[in-house]
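Note that chain A is present in both complexes that follow, paired respectively with chain B and with chain C.
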Partner chain A sequence: MTQMIAIAAAELRLMLRSRLALIGLAALLLLSGIAAVTSAVQTASASATRAAAQAATDEQFKTQPSRHPHRMVHYGTYALRPVGPLAAFDPGVDSFTGTVLFLEGHRQNSATFGAARESSDLVRFGQLTPAFVLQTLAPLLLVFLGFATVARERERGSLRALSAHGASAASILGGKVLALGGVALLAMAPALMALAWAALRHPGEGGIATLIALAYGVYLLVWVIGITAISALARTSQGALVTLLAIWAIVVVLVPRAAAGWAGVAEPLPSRVDTEFAIAADLRRMGDSHNPDDPHFAAFKQRILKQYGVATVDELPVNYRGLVGAEGERLTSELFALYAARADAIQLGQSARLETLGVLSPALAVRRASMVGAATDVATHLAFMNRAEAYRYQLIQRLNGLQVTQVSSADDRARSRDPLADQRTRISADFWKTMPQFQLAPSAPATRAAAMLPAMALLAFWLAIGVGLLWLARRNLDQTAA
Partner chain B sequence: MPTPPLFIADLVVERGDKRIVDGLSLSLAPGEIYALLGGNGAGKSTTLFAILGFLERQGGSLTVGGVDVAANPDAVRRQVAYLPENVALYDHLTARENVDYFLKVAGCPRSRADVDAGFEGVGLAAAAWDERAARFSKGMRQKTAIALALLRETPLMLLDEPTSGLDPAAAGDFHRLLETLGRRGVAVLMVTHDLLGAADTADRIGLIQAGRIAREWTASPTVPRFDLNALHSGFASAR
Partner chain C sequence: MSDLKREAWLLGRSRAALAALLLLFLCAGAGVALGLATVSRDRAAIDRMLAGQPAEESALAAFVDDAGYGAYYGFQPTWNPPSDLAFAALGNRDIAPTMLRIRALALEGQIYENEAANPELALPGRFDLAFVVVYLAPLVLIALLHDLWSGEREAGRLYALQATPAARRHIWGPRIVVRAGGVLAVLLVPFAVGAAITGTSPLRALAFAGIIVLACLFWTAVALLVARRGNSSAVNAASLAALWFALTLVAPAAAGLAINAGVTVPDGAALARENREDVHAGWDRPRDATMQRFLALYPQHAPGSALPPTFHWKWYFAFQHLGDLHVASASKAYRDGIARRADLARAAGWLLPPAGLSQAMARLARTDVAAQLAYQQRIRAYHTRLREFYYDYLFSEKPFGPADLATVPRFDPAGGM
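After this line comes the complex of A and B, so read on.
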């Protein structure tokens, strides 16, 4: 053990005396510091903006003057996706998906299918966030600092000198892992502080933040172990560098991109335009509430008349137009729900495929764990969309209900000719104040922790692979000590 | 009978598909200085590698202080100080840091005063003690490595061409050092091409040829200790 620590200390001293190593480490710390600060500032302002906008839009809706309920159906309102508690650490898919949704009658609006365009690109490269620094840049720094850790000693003959002094292969490799691990820990520090800060501002998120930190710890440990093993297995340090850079490019860049592309091809999500055409066609088939000869609405009318035991619409005690509006909304919303469910299934399928592909790249696994933990994954986004749609439906049907019960058919018909009738069709402004507001809480930390488990298992699998590689390197060192 | 610091019987070592050491037998008593001579490529360094367990043996027995190298190489290496043919020092470390580090790895850290004394003993100029090894001459590296080997204070020393790179005065000093080692009971196996130096200090001189000790001379208690003419002709005929 003292031997291992001595070897680790010597490795750290070498890094301290290498200008390149210090510059590399300083650059990474600077980048992750910048990432932590800008990400925190951006998220805080986005969070404040969205909260303010939601409050403003709610306020606007509530302060509407007395109006005909159907005008309110078209007036609509907005639902803004609240910023996740740990989004400052890992904004996940937030940057690609819509966060503002316009809610109105008869329509399900853009942000719903806004994700469609981007979904094959959900795992996109870029954006300086603490999570990105840890996933992408930290391994690269570790590669540059560690590729020669054992290979250099072999090339200079000091590896044999070490074993001649009784250093076992295990303590040489252990010492190197310890030293590089220390650097990894240091490199993680700013990002972890960003995570801790986000968790502190949201009580109850501490446990999940710890789990996320653990995921990144395991991820970087896999790199540290892998780098040390490859450095020991490679014949030259140059060979080790080339191998490790290739592995980095494949594991961190290529596989995640290819995996996202593959998921998009294997489960193609129809484009938004196609979806809207399909919905429009289905709507036409379903029935036109404004056409008196339309078979669906003719049947609907018969059913209503029979229900109330009257012969004509005019004899109904309720406002038939309101009923038709509610029925129309029910039909279209059913259709929207159908299409949305299909799109959800496809997107969740894509995201499940990406998760499975974590067996090909620990970067995919840690990305998944991080987004799920931070509640910035696809599933969270879809939950927002569905919650917003449910809210929209509820709101619109409430308005239609007002028309059915509070607005008389006669007034409705005379509205365009008779200003007094028009006046009577207006619902008091007080009603708007009682409308429920859109609210969405992030899923419980325990739920997210459970959802992180598969990705955590994949990271454990990668750790096992790394340890296996290190074991191979140890055997190799023992045999080629000469 | 106490276990000998080094015991080799019928050693066979192959490298690639070549049999380099082939039936070599050699034992050292405590305090004995043995000079191993032989032409280039005769297998001298290979023999030292086998003792350290860097190379597997294909036959024979080999123990250091009674411990079989094949069974426990780390235990053997802890009681052997080895001066390699090509000294490897860390360029970014000073002579002192190099020595301190290897001593720590070996599990036998020494005080600053001891290290100073070690450097002094091998004649390393005081100015070089805290200078980075990157700027060292071959002789300075050699002296640093010899000081390190001596500071280990092991019962057995394996020295591969220890005087290579040393100036004549330093080589002379080194031979005096060896004698004090011998008196302290340290067994020394020294590979060398320096016939005169060997004759000056060794208790026995062995000539390795065809993978074994082909001829061996033992020092006589009277001066001259060795018949230099016999050594010369033996050495010449071995080529």
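After this line comes the complex of A and C, so read on.
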């Protein structure tokens, strides 16, 4: 043990004397600091902007003048996706989705206005966030600092000297891992501080933030162990460096992109127009409210007449137009839900493919764990879309309900011909104040922790592979010594 | 020639070098294949939209008895077809829509809609030939060239080789040509196959190939400059990898961050909301005032502008258009902000060759931000034609029936400005 610590200390002293190592580390810490600060500032500003926009749209809805409730159905409202509590650390897909959803009757819109579409083409080179630094840049720094850690000793012949002094292969490798691990901890510090900062500002997020930190800890430990093992297995420093750079490029750069490209082609998502056409065709089959002879709406009419025990629509104590509107909205919304569920299943399936490919790249696994934990993954976005759709339906049906009960049937029929009747169909502005507001709480940390488990298991698998490599390296060193 | 053959033979004996070239070849091939698959999927989606349009129009024809109905319910397809080079540089066709159906209502409420897409697939970036050229090819060039001289020195052969007559012409020159040429070949062959399958115009394909050559030349030059400095192979490899990493990963991301921080784009959500406010307030504004403002823009419709005491579509579409005009300057500021960011990024590309080359490829393939903005301008121009087509009916009280649906102007993807 003391030997191991002595070897680690010697390695660290060597790094401290190397200008290149210090420059590399300083550059990473600087980048990490810049990423942490800019990400925190941007997230705070996005969060404030969206909260203000949500408040403004709610206020606008409540202060609309007296009017026909169907006008409010078209006036609609907006739902803004709240910024995730840990988004300052890992904004995940936040930029790559729309953040604003217009909610209106009859239609299901897409989320609009996301940062990626408002950026230059450089956005595709990656975003400098604390998570990006840890996933992509930190492993490369460790490669630079650690590729020669054992190979150098072998090239200089100092490995023999070490074993002559009684250092076992295990303590040599252990010491090297310890030294490089220390550097990794230091390199992680600014990003983890950003994580802690975000967690502190959102009570209840401490546990999940710790789990995210653990995921990154394991990820970088895999690199530390792997780098040491390959440095020990390689014949030359150059060989170790080239091998490690190739592994880094494949694991961090190549596989995540290739995996995404493959998932998109393997499980294609219908376009928005495909879905709109399919829904329109289904609706034409089910019932067409424009058509007075439509069988669905004829049956609907009979049911309503029977329910109220009257013979004609004119005798109904309520506004039949409102009932038809609500029935039409029910039909379309059922289809919206059906098609959204299919599209969601495809998107989650694509993401599950990416998760499975974590067996090819620990970078994919840690990215997944991080996004899921920070609630910035695609599932969180879909939850927002579905919650907003449920809210839209509820709001529109309440407005249709007002048309049923508050707008006289005769006035409603006459309003396109008679301006006075039109005036009478305008109901009090007070009704708008009674409508519910859109709210979306972030998913419970425990739910997110459970969703992180597969990715965490993959990281454990990678740790096992790293330890296996290190064991190979130890055997190899023992044989050389013997 | 024999020098080249010898060097090719030597390269072939290095298992690591062959593996690197093979991997690059596979990646370039996979990039082209994925690009072709993505482009054909895009085309198929556009074809489905155009094929589905008649069914939508015949459904509309069943109840349209007024130009107002046609204008209100008649969605028209617009699309941005992939260019003949899109397969090689997919650009941002995944994050900005390439199809949009619009109608004659206020456009600001329609034009920002997004395509259905999984953002987790967009997050890591595209896997296409442009990615292979900008990210992976430099790494292979570095692997093949970093120890050009130091490797021989470390093997103890350098002085003997330098002493041969005309070493530069007979050894180093051919060696560099073979190694860089090998990288170039494994990139260009898949590209040529992709271009042949797509039927890319030869001049454009040549221009794109030129960018690939430039990228390889740049990294070859960088690698040779570092390799000649006389350091050990390991130091050369580390320095080159660090340079690659700084130029390709860090600097473009940092430049993007700085550009976004430096150029603010107006809040899109506020713009859309303001448009809705103005359009819906139109219902409650004095109708004569609305018509007067509209007629100031379209005086030719004054003769038919008298309104009945009840609802009329001409009034409705008048205030829809006024709602767009109400936010026109904000909308322009929004577009200009994005365009300004794109311009600055292009300027940054002159300092950061990987970013510059990548943008040059996307620009040539018309898959960049500028191409998206141009598509939006085409949508705007088409929307104007669509509106004005219906104004003619609404203001002249010319009857409009199912047969007239066939005369609605169509979007022209090539221009129609």
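Note that in this section the second predicted complex is superposed on the first by the 467 of 482 C-alpha atoms of A that agree within 3 Å, B and C clash if a C-alpha of one lies under 4 Å from a C-alpha of the other, contacts with A are read in each partner's own complex, and residues count from 1 in each chain.
Here, a contact is a pair of C-beta atoms (placed from the backbone, for glycine too) under 8 Å apart; a residue touches a chain by one contact, two chains touch by 3 or more.
Bear in mind that the values here come from a model prediction, so they are computed numbers and not experimental data.
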In the superposed arrangement, which partner chain does A:P442 touch: chain B (first), chain C (second), both, or neither? neither
Is A:R17 touching the first partner chain B, the second partner chain C, both, or neither of them? first
Please work out whether A:I7 is in contact with chain B alone, chain C alone, both, or neither, and reply first, second, both or neither. first
Tell me the contact category for A:P69 with respect to chain B and chain C: first, second, both or neither. neither
Spot which of chain B and chain C makes contact with more residues of chain A, would you? C
In the overlay, answer first, second, both or neither for which of chain B and chain C A:A167 touches. first
Quick check on the complex: what are the chain A residues that touch chain C? 20, 24, 31, 34, 38, 49-50, 53, 56-57, 60, 64-65, 67, 71, 74-76, 78, 80, 92-93, 96-100, 102, 109-128, 132, 136-137, 140, 144, 147-148, 236-238, 241-242, 245-246, 249, 253-254, 256-265, 268-277, 280-281, 284, 290-291, 343, 346-347, 350-351, 354, 371, 377-378, 381, 415-419, 422
In the complex, the residues of chain B that touch chain A are 49, 52-55, 73-74, 77-78, 80, 82, 84, 86, 88-90, 92-93, 101-102, 104-107
Chain C residues touching chain A in their complex are 16, 20, 27, 30, 34, 37-38, 41, 45, 48-49, 52, 55-56, 59, 62-63, 77, 91-92, 94-97, 99, 101, 109, 112-128, 131, 135-136, 139, 143, 147, 154, 232-234, 237-238, 241-242, 245, 248-250, 252-257, 259-261, 265, 267-270, 272-273, 276-277, 280, 283-284, 309-311, 337-338, 341-342, 344-346, 348, 355, 358-359, 362, 368-369, 372
Please output the residues of chain A touching chain B within their complex, sorted ascending. 2-3, 6-7, 10, 13-14, 17-18, 156-158, 160-168, 481-482
